[in-house]
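Shared between the two complexes below is subunit A, which pairs with subunit B and subunit C, respectively.
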Partner chain A sequence: MGVTCVCQVPILEGKSVQQTVDMLHKKLEQLGAVKQGSFFVDCETYHATSNASGKKRQPSKLLYVMHNSETPLSCLALFEGGPYLTADVNFDVLMVKLKSHFQNAKGHKVESRGTRYRYCDFLVKVGTVTMSSSARGISVEVEYCACVVPGDCWNLMKEFMQSFLGSNVPELPSVFAAKPEGLYAPVDCMDTMVQYLELFSKVRKQQVIPGASVR
Partner chain B sequence: MSGGPAVRVSIESSCEKQVQEVSLDGTETYVPPLSMSQNLAKLAQRIDFSQGSDSDEEGTEAESRELEWTKQEQEEDEGTVKFQPSLWPWDSVRNNLRSALTEMCVLHDVLSIVKEKKYMALDPVSQDPAVTKTPQVFQLISKKKSLATAAQILLKGAEKLSKSVAENQENRRQRDFNSELLRLRSQWKLRKVGDKILGDLSYRSAGSLFPHQGTFEVIKNTDIDLDKKIPEDHCPLNVQIPSDLEGSAYIKVSIQKQAPDIGDLGTVNLFRRQPKTKPGSQAWHLKLEAAQNVLLCKEIFAQLSREAVQIKSQIPHIVVKNQIISQPFPGLQLSISLCHSTGEKKNQRASPEKTKPDDHLYVLEHNLHQLIREFHKQTLSSVVMPHPASAPFGHKRLRLAGPMAYDKAEINALQQSEGLLEKIIKQAKHIFLRSRTARTIDSLASRIEDPQIQAHWSNINDVYESSVKVLITSQGYEQICKSIQLQLNIGVEQIRVVHRDGRVITLSHQEQELQDFLLSQMSQHQIHAVQQLAKVMGWHVLSFSNHVGHGPIESIGNASAITVASPNGEYAISVRNGPESGCKVLVQFPRSQAKDLPKSDVVQDAKWNYLRGLYKEVHWSRMEGKNFVYKMELLMAALTPCP
Partner chain C sequence: MADVMNVGVNLEAFSQAINAIQALRSSVTRVFDSLKDGMKNKETLEGREKAFITEFQDNLQAVNRDLNELERLSTLVGRPSESHPLHNSGLLSLDPVQDKTPLYSQLLQAYKWSNKLQYHAGLASSLLNQQSLKRSANQMGASAKRRPKVQPSTLALPPQYVDDVISRVGRMFPDVSIELFRPNGTSAVLLVTLGKVLKATVVMRSLFIDRTIVRGYSENVYTEDGKLDIWSKSNYQVFQKVTDHATTALLHYQLPQMPDVVVRSFMTWLRSYVKLFQTPCQRCGKFLQEGLPPTWRDFRTLEAFHDTCRQ
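Presenting the complex of A and B:
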């Protein structure tokens, strides 16, 4: 588990989602990256029902339950802005049991699926973000496996990302910006998931791209 | 009893016994109550035959009846005598009548006896002898009869006694069987099926997955001849084990060398275990243990051969009949075989085995047993042990995999497990590598006397790793020359050498590599020794190089060289030592001492005499001294001017 950066790549003018993804693949392969299986990240949304929020009628937070194929035995539950929870896969079963407190928002399931590329110490995952079977955008996750301190390798990652993303290189993700400077603060999988969550909520809010269904 | 008035019936309560003696402490000794026959005899003795009015001449059957009557009469008499006083008016009449009846009865009896002419005959003889004779005959007869009765009773008693003894023996045997069964039950699993008692030999309850049934039957072994003496070690309980588990078995692990140069492994010749009967342990116990051992050996072998077929290695493992052959290193063959011998075959086998050298690797055999038990334990803990219904109860670290968000690589590392065969091959490799390293070092140490090699083996090893510390020293100079200390970590495939200064060199399993490395280290040691010696002697080191870049090329490693100057700078000694070429020592003399130095036109000034002169080689082999460093010390001493 290294430092990861998740960003959204805008769809090129006049191209479909799939074409843009293919172009990214091509660029990566030209760089010398090797295809290494596939990956997926999914996210389900749960509303807290009224009896969960107690007597005071607070504006209830949404609970997101996410899975990442990188950590196949884990299930991650996040509230927006925290707290975050890492559990094993039985958590899904637990959520079914908690039906009376948390209701699954069926239509809100977002997932990103795609191919995994390895380029030396870098792991690049290009995925298509889909929401209720319509493609909404492209996610690119870059992981530098050789380092766990974001500050130490951010410039290197940025340079690497420039080589295939061009001008779409993101800024230092906000999760890392919050980390204390100078101290040893290693990343964990939750940083990646928070970034994915931010990306997904951005995708959820944006308008449906006309005519951009999956293939 | 049809006794006449002369016979007194003693009336006494039967429960009260007559006191025979009162001892000093007050205990009363009672006269034992008379048995019926004794009683009868006593009563019969009282009969006065001389009165001639008695009749006792009935058969033995009548006698028993009589006995009953006596009892009844006793009771009756008790009743009549006690509760009916003999003063009632008709008493005397009754008594007379009764005595008359008795007389009549007796008369009748006598007559009937006389009529039979068997016991008595009425002869018209003189009154006197007849009077005396008849009672004697009666007495004789009655005595005879009572004797016969007594004998009969005695005989009956004897019969009863012998019966009860036999019964006791039978009982004891039965009890022995039960106690043996109880002991068996405390150590082995038993269950009853129908009228049979079946036991379980298998390791299934310990986590074994071997499909063999492993049942044995308990047999009651009690039908032996009662007359014959029971042998000492006879056991009433016997077990019958399945025919394929009979005999003894063991797993034989050996390493065979295809090439002769690999050398001996230095295996220890342990004595073969003999199934010797220990005192106090039962036959069935030994039998069952042997059978269980056979079962375990079979399981190990089955597991190994299954793995041998499944695992893909560069050189495939070969499974032939009861042997698994694998090649851990080129030219080396590891064979694991299952030796199962039933009793009869043993004698045939013993002879060819004796001629062959015993190449067992007992450590590996033991480890195989340990590994299979570990494997059992694993399956037991994952399958049988109580576990929560909601989640699997696997490896502890695997349980953490979810909550700790392990990624794929970490989970893979947790899950990969090695099979029995892989482990044992690795262990075999390590054992082989270790013994070969030891042999290499030893042969070098015995071949080369100067410098000396010392190897310090650690006593405690891992199954896959052991270490040895190698010191290269010169005799007599151990304190000043300890520059070369090597730590050899012997692994499975390779040997890692850790130098004293922290350099790490990895050597492969090839023997030559280690030998070359040690040789080059030894050659370096000599140069280091000169350096150390120079320090002690007050000489100055002018140059020092571990790896000299000129001169003849060594086939092993590099030559090393040192140049030292004497304290006043007049002389210099230059030493070059190569692992192959050996050492070459040159001494540089001051120019002034050189006689054959050509007179030069250029350097004529006296000051030039202080320049160094030519080098001259020392005939090192002719030098006095037992080893290199000693020789060097002598040389240095010779070249140092006296103060």
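Presenting the complex of A and C:
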């Protein structure tokens, strides 16, 4: 587990999502990156019912349940703004049992699927973000596997991302700066999921691109 | 000759002792056999018990006798010598198929040669140090006569001394943590953790660094059975490169008369990797070259370069 950065890449003017993804693939292959299987990250949204929010009627937080193909035996549960939880994949069954407390927001499932690329010690995942089977955008995850401290390797990662994202290089993910020890705390897998969650929420609020169905 | 005789006597005692062990085992077996069979059929219950107890007592006495015999013989056998100069490898000389696999004699030869080489290298280096400005051969000859008989002692330093040197080096650098292990006899293996960047396994022979493997901070440095892994390489290309350069550095930093200085210089050099991912190349100014950060560190200036950017 290295330092990861997840960002959204805008769709090229006059191109479709798939055409933009193909462009990215081509640029990575020109660099010398090698295809290494596929990946997915998905996210379901749950509303707390009045049973769960208690008597004080606090504004109820949303609960997100996510999966990542890199950790196929885990299921990650994230409350809006924390706390975050890593659980066994059985957690999905538990959520069904808890449906009197947490209601699945149907049609809110977002996922990103695509190809994994390996380049030296970098892992790059270019994914198409879909929501109710329409393509909503493109996610790019870059992981520098050899380093665990964001403060150490951020500039290096930025230089790498520049080589195939050009001017679309993202800022330092805020999840790293938010930690009590700051940028020099070792990363964990939750940092990646929080970044995907932020990207998915952004995509959800976005306008539907007309005629961009993928299936 | 005396040695051979000695071995002969020992062998006799050995074979007697083996016989005694066999006797002891069979008498113990007899005890349990009779216990297992239980009481024999006799007319009266009393008679049965008596016969059983007598048999049991006889058997136990036989065990006692055999045990005493074995103890007596074991004092004759003596201990295998533990103070062998080559430690456990001395046991190779006990191999009966010596003629087919002359491993031990070859090992002794190699050891002798290595010691000789070390000794001559030491003399050469001290001569060169003294004579750096004087080139006259006369002088060399004169000093050769007074040449002190330096023992190749650096190969057999007491472990305590090695510990001291290592702990002093560790105190010099606050961002370096050094753990010392002795998994195989007296030779030390160091686990050097550099900040949150890398972990280097350094295998020592006395105070000489034998080999080193550099791995990532998050990588496992132990084998499955919990021992320090001194063989398998890093999974990451950047640390494989650093391992190669560290091996080069071991060849560069050589000073046979002052091995502790070598250890200190090597650690100072290795420590410059604490900014492995943060320092751009001093030549091309970039972080990455073919996907790798600047993995080379100059031996003098400790400046960072890509492998392809150094001269």
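Rule of thumb we're sticking to: the second predicted complex is superposed on the first by the 209 of 215 C-alpha atoms of A that agree within 3 Å, B and C clash if a C-alpha of one lies under 4 Å from a C-alpha of the other, contacts with A are read in each partner's own complex, and residues count from 1 in each chain.
Convention: contacts are C-beta pairs under 8 Å (C-beta built on N, C-alpha and C of every residue); 3 or more make two chains touch, one makes a residue touch a chain.
Predicted model, so just to flag it, every value in this text is computed and none were measured.
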Three-chain arrangement built on subunit A, subunit B and subunit C clash or fit: clash
Touching partner for A:75 - first (subunit B), second (subunit C), both, neither: first
When both partners are placed on the shared chain, which of subunit B and subunit C touches more of subunit A: C
First (subunit B), second (subunit C), both or neither touched by A:96: neither
Touching partner for A:188 - first (subunit B), second (subunit C), both, neither: first
Which of subunit B and subunit C A:1 touches, first, second, both or neither: both
Steric overlap of subunit C with subunit B in the superposed model, located at which of 9-17, 45-53 or 117-125: 117-125
Interface residues of subunit A shared between complexes with subunit B and subunit C: 1
Subunit C-touching residues of subunit A, taken from the complex the two chains share: 1-2, 32, 119-122, 144-149, 152-153, 155-156, 159-160, 163, 184, 186
Residues of subunit A that touch subunit B when the two form their complex: 1, 70-76, 86-90, 93, 188-190
Contacting residues of subunit B [partner subunit A, same complex]: 390-391, 398-399, 401-408, 411
Complex interface listing, subunit C residues touching subunit A: 196-197, 216-218, 236-239, 275-278, 280, 286-288, 290-293
